[in-house]
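Both complexes below contain chain A, partnered by chain B and then by chain C.
For the complex of A and B:
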């Protein structure tokens, strides 16, 4: 029997202890964090291989409280726990070198460990009150892991906590409604149908919580702002990995356990998923700050997961969850590579970077693998999960509901989104690593082993889980609940033979290239008619993307997006401040009018009561 | 144990007189005397809470009842009183500790502590009195001391605020006194427990008294629409006093009395419960909406107090509604628990927030958030504790505010008031918004280079220590949500309100 207290509370306790150590001992704090995350990784393996069931954490001080600490160990939570452990270890490794010299990050490792413990807690809790406690704690650590040192970063931190905190409050309301309807706080005991008005209300409340955490439209707006200003290891840890895992985990719980979806709920989810894919990727296309670009992709990919899960079929759910894991791997990896570039060059803007591929080869290859994975290029993992989603949508089309009838729409949105993702990643890769090198970067070196090793491992994970997806990864990870009955045939895609073919074709291609270059030949500059070559003639690939923004139809939306018309935070703020000014007018500071209010209050109360 | 009750009044009242005389000859006599006195009272309160579950009664003068008519002046300490005693003692002590360094800027330091002791004596008196006229007398002691304390800085703004506060406080006192007159006229007694046995008929005069009481004590508790004095008074007072006013005074002399008389003196009625819940909800919404536009730190906190008191009224009011409709008592108890837990929590985090604002003002001499920023670099203790309090009041785990918010929302849904629960959620979002605004503009937003030139440093030790203790309490009070600990502190308080008629039976001894 595994002691889950070790998994959940040990990292948190160590995190609290680390508050006491002074900041000058950052290295020691980092080492402790690495050791703790290694232990939790080991434990998460143990949990993954343990039996399913509801487990109650023993509470020696107050035995009846044990019922409160009810944990649900099933295939879904085990999956999440395994990957939380994995990512925790990877990012602890990366942080060791990345964070050490960042003076602005105070108590980074404390919050890192608390985040880790709270994520395990949220993934395992069966009791919803316990769940919302851990869930809210993650919002707090998210806020504390970004440091407000200037206007923009303080605003990003504030916006993040307001949106996350708001979703937590709404989640509490949803839990209250669930309890009212079902009489239980335990997720494993609840199963409702979204037919009555209250059930729908509860469903929407829980969805808002899940969407905000994962970053789906329209509650996603904290993600791009946050990742732009946060340190890369934080962005990789929370918005890219753990928040995605937990947000989508909760969505899966809602869809698989808590509710039986009616057709309107499915339709709504698919619409949200589709719009998230397209709108976020369109925003990503026009970004110049590469962290912000990644942030919009972090939103866009959530659309795929929601689409997959919304289908409700075993294939769809498996596809959504597989995509969630793949996304966490490559998106986390992309943030790590972004952090490495930022660390070495100090630049965040694509237009200022370029030509780093030879200087930072490992980072470049890792970033390339991640970029190809996220764009859905075979044989990487991103392709396989997207392929599963496409197949899921096609299968789903044979049903009779209104959402089923519209299957072609979802399919087109998903495929189109994938193409746009590829387009924006060509921009990222060419902008940072290819093209003409800025002379000031001549002295840039590859990052230290502590930083490139996690990138390389994640890149390897992308390749392995892509090639062996059908034969090994999916049967191993997704054999629980509705998925245990089998996912149907894996489609026409045989990843291993195709991978071999791809490899062979690459080798042959390289051979031909090499043979063709056997003979020495003359190299000279291109003939440009005697005109003088100027620096401005450097046709950056970024120029091409500017044309997207100038389409009339799109320009309208980009313009409005720049004015934050689609930012729910901004809209809410406007409404609240409007109401504020209405009430402020009444508070004139004139005493006689205040006394009139009292008199009016007495009069009204007398009229009502007598 | 019973004979210890008068100490709650004797210690602060006595020390006020002693320090008025001896303080002339011994420097800093007052500030250490009140600190020691309050430390003693903290110990006494904890002892009362831990040692006895039953209601403690002390009869001043020791007169026996004549028949079933109580002649003696009663002092009653039941579960509900105990949590108020806890608030007054703990926050009072920490504020006194903070004041040791803070009041050095004033020339009349001695008078500050005399007035502070008198205010404490008044608050203790209100919560232990079992007699409505004594409640009035002590309420006036506390109020008049607080009028003087609000004006303590004698600047234009403070005098104006104090003037408004006095006028509206005077209106409140008048209404309360009128209500007491009507009560005495119709029942012939002033003892709360005895009144409860006499008042049974639901007559017009009873309703009239109820309105006078709601408005009178509502003014003291600053619920909408009787809140107008609060933002001025609480923001102009010296910061430790603001912490005391917002954290304790409005609860001890406003909310406590409202709940005491409407649960234990009047028979529960649906209309009154509805009025209390609606006024609470309106306070919650309007206070929150007003707070978010403020740029004066302490004014923002003052408006926030109105909003948070709305939460307390909402929680307890829903409990009243359920009880009045003979609904499920477990739901009512849960809702009242949420309200009282929030009352306790609010005293702690709002006290701390005002102390933090005071620390900022102490060093920077401004509380205009547009001029502040980046203070987390130079005042880490103030920034950290203020952050803890802001997170607590916004309801972010693991701080105490999260649990009371959770209980209030879930209880409101369970009682069937989903709209009210939704409003509570919306206001809690607004609350997060304005506290994050305060944090951003005060402690972050720039790199603090502006302040570094002015040599801003952390506040003196006693101020910092008091704030750290309060922040630790904000975290530690989360434990009150755990059933075993809840049964010691909160459940007796809830029971005291739930068992409405039990109060008079226990006190008179029928």
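For the complex of A and C:
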């Protein structure tokens, strides 16, 4: 039997110890973090291959207290634990080279390890109070892992803390409601139907928590701001990977265990999913800052997961969870490549970059693989999970509920979102890696092995989990609970033959090039219709989608989005400041009127109490 | 495994659809010449083009990303051949495909366009970048109507996403083009195919007059040869897909051979005539055309299909 406490508390304890070490020993801290994350990776493998069951900590002094520390080891939590361990190790490796020279990041590794431990805890805990403890801790480390060095970055950090904190308090409210309804704090013991008003209230409270963590509309607004300012390894660790894993994990728990969905709940989830896909990707399309662009995609992809899970069919749930894992792989990878580019060039804007493919070949190919995966190009993993979602939607369409009748809408939103994703990644890839090189980047070099190795491994993971999805990955990972039966045949699209055919076509291409005397090729400057090529003559990839913004209908929304009409933080701030100004009328600064308020208040109290 | 490689390389993949596509492109050019009162090329012209291009010197742009630029046509050819396999196997009745293959086909058909875009951007040529941007916007435009037409077909065929089953359904209940929703869907998909093939009026990605062939401006020699071959294959498999979706597929048994050839020929003739009688539109006009009119057509087709018309 594995001691799960070790998995959860060892990284956290070591994290606290690391606070004591001075910042000048950052490299040693990094090494310790790497070793700890390697150990937790090993442990998470052990957990993944262990038996299911509820683990309760024995407590001799007061036996019921052990009940508080109840862990639920089932297929879903084991899956999450495995990938938390995997990503923790990958990003620890990347951080070693990436973070060490960052002066402003204080106690990065401590918070990194605490994040890791808390994620394991949140994924495993069965008792919801324990769950809230770990869940809330993650919000705090998220806040501490961004470096507040100027106005914009501190306000992004503040926004994140406020939104996550607010959602956590709503989560506590939801758990209170759940306890009132079911009389239990244990997730494995609760099963409600969203019919009564109280149950609906609890359902929505829990959904808000899950949506905010994962970053779905309308609670997504912290994600783009956060990733724009945070170091790339943090963005990869939290908003791209662990927050997605945990947010969607909790959504899956809500849908599979805690509640039985009625048709209106399904409809609501699908609407949120569909709007998240399209709205976020439309925003991504017009971004100039590549980190922010990735941030909007981190939001958009959540829509697919929600859509998959909302279908409620085994195929849909498996598709949603598989997409969650795939997304964590390629989105984390994309943030790592973004960090590498940022590190080497110091630029974050697409308009200032270009032509880095030759100078940073490994980063480029990794980024290309991630971009094709996220755009759903076969045979990469993103395609497979999206295809499962589409099939799930069409199967779902045969049902009779109102959400089922609207299957065409969900399908079109999902497929069109995928095309838009492709469009914005064409912009990203061409803006950073292809096109003309800015002369100032001639001396840019590939990043060190510690940084490109995680990128390469994640890219490989994209390819492998796409190719062996049907035969190996899905049967291995998704054989629990409702998914163990009735998954249909997810694997009739055999990716292995397709991959062999790619190799065959490479050979064919080589043969054609060989026949065509490719050896005698000539390098020459571009031909631009007889005009002389000048350095300033460049077609910036930023111009790509100007046409889209010129449609009146879309221009309206872009304009309003720019004015933050859809930002729930901004709206909330407006409301609170408005209330402030109303209440500040009472604050006249005249003592006698204050005394009058006090006396009046006491009088009212007395009247009520008597 | 040997079977798959045979499918991919010989029949119905690379060689078969390449040859048929070449013949179709000759027909297309011959008709175009006739429309313009010209003589037109000899029958073997597509082959001559291909072989001659192989013999030509290949120029690789010195400022771009060479590896990506050289690999792009290889993947274009891969995308076209693999879509040929997935489309033609059920349509020719060789194998039945699998559940959900229609969605796979949509995605595979995007690979050639995508590689054109990536190849163009890798060349570092500003005109190619203009072409690439237009091509991408074109994909965004026709993706939704294309999908909507497929949805109307899925509804008509009783919620199946399997191409072979759709063809079977038509064999039993009559071709979809015979119904009202089928006709509207057919018009829509022809327009989408026109854009997918990059033919006038939707050839702005290659606009010869203004951006000197846009996406393929830097391609020469073997690279251009492979792009040409890709286009031949696409010229065959897209009309073939239409025959499968609307005209109960192709068959090469007995008298059906004649019918099959006529079906392909009819679709090709339509495409060729559209391209010869229209001017090129601007990209914004094209986007508006697809987003407003073609979507409307496709939605009407879906509504009619729901009511069984």
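Note that the second predicted complex is superposed on the first by the 563 of 610 C-alpha atoms of A that agree within 3 Å, B and C clash if a C-alpha of one lies under 4 Å from a C-alpha of the other, contacts with A are read in each partner's own complex, and residues count from 1 in each chain.
Keep in mind that, in the parts below, contacts are C-beta pairs under 8 Å (C-beta built on N, C-alpha and C of every residue); 3 or more make two chains touch, one makes a residue touch a chain.
What you are looking at is a predicted structure, and each value in this text was computed from that prediction instead of being measured.
Visitor: Quick check for you: in the superposed arrangement, does A:547 touch first (chain B), second (chain C), both or neither?
Guide: The answer is second: A:547 touches chain C but not chain B.
Visitor: Determine, under the contact definition given at the top, whether A:442 touches first (chain B), second (chain C), both, or neither.
Guide: neither
Visitor: Determine, under the contact definition given at the top, whether A:51 touches first (chain B), second (chain C), both, or neither.
Guide: neither
Visitor: Of the two partner chains, chain B (first) and chain C (second), which one does A:158 touch, if any: first, second, both, or neither?
Guide: first
Visitor: Please work out whether A:175 is in contact with chain B alone, chain C alone, both, or neither, and reply first, second, both or neither.
Guide: first
Visitor: Once chain A of both complexes is superposed, is A:504 in touch with chain B (first), chain C (second), both, or neither?
Guide: The answer is second: A:504 touches chain C but not chain B.
Visitor: Mind pulling up the chain A residues that touch chain C in the complex?
Guide: Per the touch definition, chain A meets chain C at residues 355, 357-358, 361, 364, 368, 376-378, 383, 387, 390-391, 394, 397-398, 408, 411-412, 415-416, 419-420, 422-423, 426, 429-430, 433-437, 488-489, 492-493, 497-498, 500-502, 504-506, 508-510, 512-513, 515-518, 520-529, 537-539, 541, 543-545, 547-548, 550-551.
Visitor: In the complex formed with chain B, which residues of chain A make contact?
Guide: 61-62, 64-65, 129, 132-134, 136-137, 139-140, 148-151, 153-155, 157-158, 161-162, 165-166, 168-170, 172-173, 175-177, 179-180, 198, 201, 572-573, 576-577, 579-581, 583-584, 587, 589, 591, 594-595, 597-598, 600-602, 605-606, 608-610
Visitor: Tell me, which parts of chain C touch chain A in their complex?
Guide: For this pair, the touching residues of chain C are 1, 4-5, 8-9, 14, 53-68, 70-71, 73-75, 77-78, 81-82, 98-101, 103-104, 106-108, 110-111, 114, 117-118, 121-130, 132-133, 136-137, 139-140, 143-144, 147-148, 151, 154, 159, 161, 211-212, 217-218, 221-222, 225-226, 283-284, 287-288, 302.
Visitor: Going by the contact rule set out above, which residues of chain B touch chain A in the complex?
Guide: That would be residues 163-164, 167-168, 171, 175, 204, 207-208, 210-212, 214-215, 218-219, 225-226, 228-229, 231-232, 271-272, 275, 286, 289-290, 292-293, 376, 391, 394-398, 402, 405-406, 409-410, 412-414, 418, 421-422, 425, 428-430, 432-433, 436-437, 439-440, 443-447, 482-484 of chain B.
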